[in-house]
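In this document, chain identifiers A, B and C correspond to the written order of the chains, with residue numbering beginning at 1 in each.
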Amino acid sequence: MFKLSRKLIFVTIIAVIIATIAIDFFAMSGKLLSPLGYFYAFFSVFMLLYVVYPLYKNRRLTSYYWERTRKNRLAMLGLFFIVFLVILAIAGPFFTQDPNHVNFEEKNLPPVGFTTSQSVYDSQTGSLRNAEISGTWKHPLGMDDKGRDILAMLVSGARVSLQVGLVATFIALIIGVIIGVSSAYFGGMVDNILMRFTDIMMTFPFFLLLVFIVFIFGADLTLIILIIGMTGWTGAARIVRSEALSLRTREFVLASRALGASDARIIFRHLIPNVMGTLIVIATLSIPGVILAEAALSFIGLGDPTVASWGRILNAGQDNLETTWWVAVEPGIMLFLTVLSFNFLGDGLRDAFDPMSEL
Amino acid sequence: MNILEVKQLKTYFFTRRGIVKAVDDVSFDLQKGEVLCLVGESGSGKTVSALSILGLIDLPGRIMGGEVIFDGKDLRQYTPRQLRNIRGKRIAMIFQDPKESLNPVFTIGVQIMEPMKIHLKLSDKETKEKATSLLERVGIPKERFFSYPHELSGGMNQRAMIAMALACDPEILIADEPTSALDVTTQALFLEVLMDLKKERGMSMIFITHDLGIVAEIADRVVVMYAGRVMEKAEVTQIFENPRHPYTIGLLNSLPNFTKKKKLMPIPGQIPSLIDLRGCVFHTRCRFAKEICAKVILQEATVDEGHLSACLFHDSQEIVKASKEVGV
Amino acid sequence: MPGKKASMGEYIARRLFYSLIIAWGILTITFILLRLAPGSPADNYLANIAASGRARDIAQVQAAIDARYGLDKPLYLQYADYISNLLHGNLGWSLSTSLPVSELLSKHWIYSFELIFLSTVFAVLIGVSIGIYSAVKQRTKADYAVTVFSFMGISIPNFWLGIMLILIFSVKLGLFKTYYDTSLPLFSLENLKAMTLPVITLGSGMLAGYSRYVRSAALDNLRKDFVRTARAKGLPERTVILKHVFRNAMLPVITIIMLDMSGVVFGGAYLTEIIFGIPGLGRISFNAIFADDYAVVVAVTLIGAVVTLIFNLLADIAYTYLDPRVRYV
């Protein structure tokens, strides 16, 4: 019963989202939500219906994998930091000041606990003088050379990184699954063409391709997410294809085919659920690469100039290493910890789903 | 004359679930020139016993006690370096799956020459000559010297393993189920080559197998093992004609017999978990088991001269009767 | 064996053929992307000229540029020109440096090569050793330390690591305050000194990855039966590990190292060159981006893809040579 209604719910919601986009676009010329906003709407609906709900429905299996993952202390550490980061990204902006707020009075303020000696403009004498400046709790992580609060920028950067990481990976996985499953399932010519195409996409060095596409299409966060998603699916497609190929010959698939199940039914009822574990692992392990790619793009100045990405802060910081070293250090630490956490978690998940594989 | 004596050998594996006593208090000896067969189901500790002789036990396994007397000295007191000088040179070993046991990236020629290069001081030319003649001796054409293991059949690989084991003219050869990965016709050829070589060189041999047919064919004496312990030890004729342990009797009854059309009688149940065993290890599957069997461990009782059984009731009428009914 | 060689030649021929198809695909996709781009490649350049007031007649310049790039021709002719130009080694004209792109590339590729070569040597030497070491010492403190460090090495953003190295060694400690001098020979002491931090920056991530691959491949092989055979022969543990296990463990690792080139190494080298001002292809492309110099960016992307293609081909061939079991299908 619910199977049908779940599909119905999904289709309805998607229809509503598309209708909203249409109204928004034609009648109100894009005022309701940004393109990214629609993306999240779609993303959350999909995750809820096709990831969270099945995990809940198969509680026993979920808790089995959870128990296995929980034994891995590093994975738990990673998960802990990711949860912290998500909370920070969602709730943080309400508590920090505007990351774009410029305050020249307090520019180059070091983090709490550090003191630097700088030449400061003295408004009374009207001349420059050397002064010892210490960090204050008002700006615990200090200020950059334009007097922006770094904590606020990092919090807003967390949001950017997570958006990019989650959404781009999600897009890449969807494309990867579609290509991988069709390749395995239809075989023959289709397989040949799709796999050659995958080979071609794989041959482009990922980052150079990103630079190239962002360079010609322009740097906009939504566009960057789309581009990363549309170029980063190759690994997933290959893995899904080989998993699906081995599943195709397994008894339960043969049995249901013998019972007259349609291709679509076999794909959605048997293949997809069975590659789900692999997909979760691929997703977790792709996210850090995606986050790093966006940060690197921003770092070399190809990022969206309107958002405070960690890469962009880092870029600004590297020019003033002699004076305001913390501007370069702090976003890097966040980036490092985020990537490390996803790697730890992904590794733990892989061990939990597939204890045999070591790589 | 005993060339090798294993006394109260204990090899335990320390796993997360507990201590697995893979070999517990196992003793046997090997006389010069004889073939001693270690017999038992898989998991009975035959292989671990053999590996323990050469100190080839890997973590989480450890040899916890016992002596391995070779040439009057206890191998367990040897330093790793001293032990290496025994391995491959004076005691050699061949293994179950020849394809897996040979390194896939080296030619068999290289692998046969390897023990000679470490143990013998021969020139390169002599080494190569000896390796080639060994190859031919085991019935592999000498062009195969440059072949990789995957290019040879299972039987050829196993014969290459023999050539490798015999490279340094060892006094003892330990063969760990060398035939179980081969098909029946290849087995026969392999055994023929092996036994010829054994006679030719006057080697002593420990042969591990679960195939009683092979035991009947090649063994001088037999050690029957079960769940890490020795159940019965005797001359091969005694084992087949006068078995005095319910496990041996069970093994023989589970063999098909072509002369007397008798129903096969498999041993019910499975080998127990080797963690936390009490009493006689076989009592859970023994059809003669009494209450006391779950409590008492009998070390070894003499049935006859050179015939030992670990059964408390080896002299009971029931077992003597069952022993008579085993028709071989 | 003669039979084997013939089929090996056939195998390589087939791989070459596939590579050609992929190369064609790369060129085509690049072309499509370029044509999908909003506006003409020369737009920004023209805007700059217009702003500077140098050109009298923008339309004239526009037409001249369009003609030079063949943008006035129909699409299929543009495509044919594009392919034939590339096949003739004509990569276009760099607007910002007023040089043919091929000349620019042939002058600068060597610095990228030097960086990648030194980093690979550094990463392979150390990564393979600690990978083997940690596999042999599995489940000891040393093994855990290696595992944690390789996780950190994989996770540390290499552009940030580069900046941190500059901050610590150049800014704070005043060491390595050298810059790459193109007038000196490639492997001169000065330039090797200038390469130290870049090599560490690029190499550490590679090293961490390799050590993980090697560790897991070595662990796989340590469990194999042939290791027991080798020990039973009386081989010293050193020989067992460094000969029997090592040879087998390196088979997959060599392939992975080659395949890693495009994903990890090229992107990393691009960023490393930018941070340390090494005048390689990454730096050239970076400069070109901000000068709106299309031809250079396109060329560097293509070069990256073609080099990757060659590495993939080499990885395949290397594998068939190293692993005697490979059948050429």
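We adopt the following convention: a residue touches a chain if its C-beta (ideal position, glycine included) is under 8 Å from a C-beta of that chain, and two chains touch if they have at least 3 such contacts.
Since this is a predicted model, take the numbers as computed values, not measurements.
S.K.: So, comparing C-alpha centroids, which chain is the farthest one from chain A?
M.R.: Ranked by distance of C-alpha centres from chain A, the top chain is B.
S.K.: Counting C-beta pairs in contact, pick out the pair of chains that comes out on top.
M.R.: A-C
S.K.: Using mean C-alpha positions as chain centres, tell me how far chain A is from chain B in Å, no decimals.
M.R.: Those two chain centres are 58 Å apart.
S.K.: How many Å are there between the centre of chain A and the centre of chain C, using C-alpha atoms for each centre?
M.R.: 24
S.K.: State the interface residues of chain A toward chain C in the complex, per the touch definition above.
M.R.: Where chain A meets chain C, its residues are 74, 196-197, 199-209, 211-213, 215-218, 288, 292-293, 295-296, 299-302, 314, 317-318, 321-322, 325, 328-329, 331-332, 335-336, 339-340, 343-344, 347, 358-359.
S.K.: What residues on chain C touch chain A, complex-wise?
M.R.: Listed in rising order, the residues are 18, 21-22, 25-26, 29-30, 33-34, 36-38, 148, 151-152, 154-157, 159-160, 163-164, 166-167, 171, 212-213, 216, 219-220, 262-263, 266-267, 270-271, 274-275, 285-286, 289-290, 294, 297-298, 300-301, 304-305, 308-309, 312.
S.K.: Considering only the defined contacts, which chain C positions touch chain B in the complex?
M.R.: So the residues of chain C touching chain B come out as 224-226, 228-237, 239, 244, 247-248, 251, 322-325.
S.K.: Note which residues of chain B are touching chain C in the complex, please.
M.R.: 51, 54, 56, 80-81, 84-89, 92-93, 95-97, 100-106, 114-115, 118-119, 148, 150-151, 161, 164
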